[in-house]
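Naming follows writing order (A, B and C), and every chain is counted from residue 1.
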Amino acid sequence: MSRSRLRTQVGQLARRSVLRTLRQPAQIVPALVFPLFLLAVNSGGLKDATSLPGFPTDSYLTFALAVPFMQGALFSVMNAGTDLARDIETGFLNRMALTPLRGTALLSGLLAGAVVLGLVQAVTYLTVGLIAGAELTTGIAGALTIIALAVSITVGFGSIGLFAALRTGSGEAVQSLFPVFFVFLFISAMALPLDLIQTNWFRAVATANPVTYLLEAFRSLLFEGWDLGALALGFGIAATVLALGMLGATSALKTRLVRT
Amino acid sequence: MATDMQAGSGIEVDGLVREFKNGPRAVDGIDLRVQAGEIYGFLGPNGAGKSTTVLMLTTLLPPTAGTARVAGYDIVAEGPLVRASIGAALQEAALDPLLTGREHMRLQTALHGLTKAERAERGQELLERVGLSLAADRRVGGYSGGMKRRLDLALALAHRPSILFLDEPTTGLDIQSRTALWDEVGRLAAEEGVTVFLTTQYLEEADALAGRVGIIDHGHIVAEGTPAELKAEIGRPTVEATPRDPAERERLAAVLARFGESAGGSPLGAAARLEGGESQLAEVVRALDAEGIAIERLQLHAPSLDDVFLAKTGRSLEGAEEEVEETADEEKEAAVGGA
Amino acid sequence: MSGRGETPRPAGFRAVALAVAWRSVHNFLSNPAFLLPAIVFPLFFFVAFAGGLSAISNTPGFDFPSGYTAFQFVFVLLQSAAFGGVFTGFAIARDFEIGFANRYLLAAANRNGIIAGYALAALTRALVTWTVLTTIALVAGMEVGGAGVELFGLYGLAVLTNLAATLWAAGVAMRVRSIQGGPLMQFPVFLILFLAPVYVPLSLLSGWIHTVASVNPVTALLEAGRGFVSGEPVVVALAFAIAVTLPVLFGLWARGGLKRAEAAG
């Protein structure tokens, strides 16, 4: 297949993905409102946590601002996954299977919607956080890096949603993943830094949880300053999630899009 | 591009089988031939194997055994070439409710490799042809069932295929929408020479559209031929009459007996199978009139495709719909899940 | 069975309620997709809050006699009570969507029994959850300062919270009659729960969240519940006044929803 044909396919599917995302307020609004609400509640309710010895910042809001980016990724799993599951359930995937569409074009195109959502989320969370008084030690460059990291994570998790949709073919099954990812988010350094978690087993699980290092990457940009190690780990994890998600999705697509 | 491929526009199927893991044979060794430009009706109850056959012929489901050539290309070895030659409107309308009709056309034509200029032109042409030009910029989520089916047909024609697969295209449509769709399908075959492979569970649809009909039951083709041939095979039309004066019943029966063997009839009347077919009805009326027998009721019963199905399978096609087996998509899901 | 010519006696309120409750509880217990989340989610929250945030009890001014585990246990208990009611609302909406609710409306002479049946089912489901949650909390070493009466008061608050949430969700479900009403049932409950002293006592909150939590009725329920578990009851009268009033108000709301559903046919 020619490069231009592949580009056209990816472009058209990306266009569709973006349009669908933007035309579903029910996907966008909760993804924006819910994390910001929790940010407000948690930063208000846990403000005094900053007085604990060893807490890395005076502003719990700044500390907690990392969390919405991860919650946004969770919505990306659901949105990307349920959109593709709907295509499978309605037979739209069959329609596309009858065209010369390449599988990689399909997956790449579908993630375009996740990119847009990730971008909108990241800009919103950061803007609201800064208006509310959060710190941003690394300035504009840091803000751009935060947005890039957030989009990478959203796309990575979106690919997991695609894998789930292709594997199960069911929107309900994709939705049932929500608690699984929710647990992943909670049993991390979400509410307190790793070294202030007192419960041993919880700290052990949080230490092993990649979400902790994603949070630390955001926090390094917000209040610690440039920490290339933390950033490398954060982007590396996002890239790994994307790679694994795409690997799974590509494999599942071969079975789902069974064509001779 | 797809339109350059003119390797043929017929369908040849030999011993096609589709078996599912731990399940029944959904298609159990079917043979059929569809000539270029023909409208072939594939009739059968739910679960008979119609949709599974369509999925195999459109390369969306590999067969377990047997061979088939669509537009001259092998469905297993030359899948992409088959897909470039065919259009398909499958059982579900398979549309995205968030996109407009025009956006669907743009996507479909782009995926088939039409140039930007061709996409706009072809899209507009097809939307006009199916009567959706006014609704083209509305989201499909707001379309009626008939509109969705028309858009589905338009999308299947985007790349000018030589063969069109329609899987139960009028299920759930009102009579007006159904008739409009029939007209368009008929026109495609007659004026553009498109070969149409149409599956249906509606007898009148097969009767109205198809030049030849194949009847499938439990994965086997149980009968094949033109509707007229199939009906003639199992019997001739029956005329049934009831005299106004019950005392005339025997005389009535004697008159009818001149036109064919007795076929029972109601206790108050008589019936006979017309040797010469439906065209003898006028003669029957003249004969009854000549004998001075006043008639209360006169009915002509022509054999239907349901009668054909009944004769071949021992079951009525319309009653057989109540036997719910897995649909082809559920079968495909089982196949995918088990893979 | 009535004989020929006899007018059949319609089922009364109690019979209708028990029949509706039976089906709902049967579906809940026999379907892991319903049963497991109802147990696992509250456990998970308990573990995440009590385990992950235990250091919060070291903040200056945090002085809860029974420890952070018990502090969070009360929140999770009331949260599970509230969400149990919401999930019953989902079940009601589903019943309307698939047409099963019409079966109830046709068969039940006393339609209030339908609402009562769903509420009874919600409570039964909640009891299953609370049994597991309490057991795990005790095994995890939760300190209980309260005596029998106080613990009865704690679970009494939970029962009334469950009832209020069920009636709220039922009212929404019967008006919307579709699972699309799910977020409408869920979000206000989520909002009101989290705008309360979830992580620290009211006295340690400040700013806007303190203002909001001060007027939030759930705050009184939480404080009373925490008082019960620690054996130092506080704001008991206020809490029960709220806990009793909410079901009454939402009961009217649910009844209105039933009338709407009847009118819609």
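Definition applied: a contact is a pair of C-beta atoms (placed from the backbone, for glycine too) under 8 Å apart; a residue touches a chain by one contact, two chains touch by 3 or more.
Just so you know, these numbers come straight off a predicted model, no measurement behind them.
Of all chains, the one whose Cα centroid sits at the greatest distance from that of chain A is B. Chain A has the C-alpha centroid lying closest to the overall centroid of all protein C-alpha atoms shown.
With each centre defined as the average position of its C-alpha atoms, the distance from chain B to chain C rounds to 55 Å.
Per-chain Cα centroids separate chain A from chain C by 32 Å.
If each chain is reduced to the centroid of its CA atoms, chain A and chain B end up 48 Å from each other. Chain C has no residue in contact with two or more other chains. Taken together, the chain A residues at the contact with chain B in this complex read 5, 8-9, 12-13, 16, 19-20, 23-24, 87, 90-92, 94-101, 169, 255-256, 258-260. Contact residues of chain A toward chain C in the complex are 30, 37-38, 40-42, 44-49, 51-52, 176, 179, 183, 186-187, 190-192, 196-199, 201-202, 206. Across the complex, chain A is touched by residues 33, 37, 40-41, 44, 47-48, 51-56, 58-62, 183, 191, 194-195, 197-200, 204-210 of chain C. Remark: chain B residues 58-62, 75-77, 79-80, 82-84, 86-88, 90-96, 98-99, 103, 106-108, 110-113, 139, 155, 329, 333, 335-337, 339 touch chain A in the complex.
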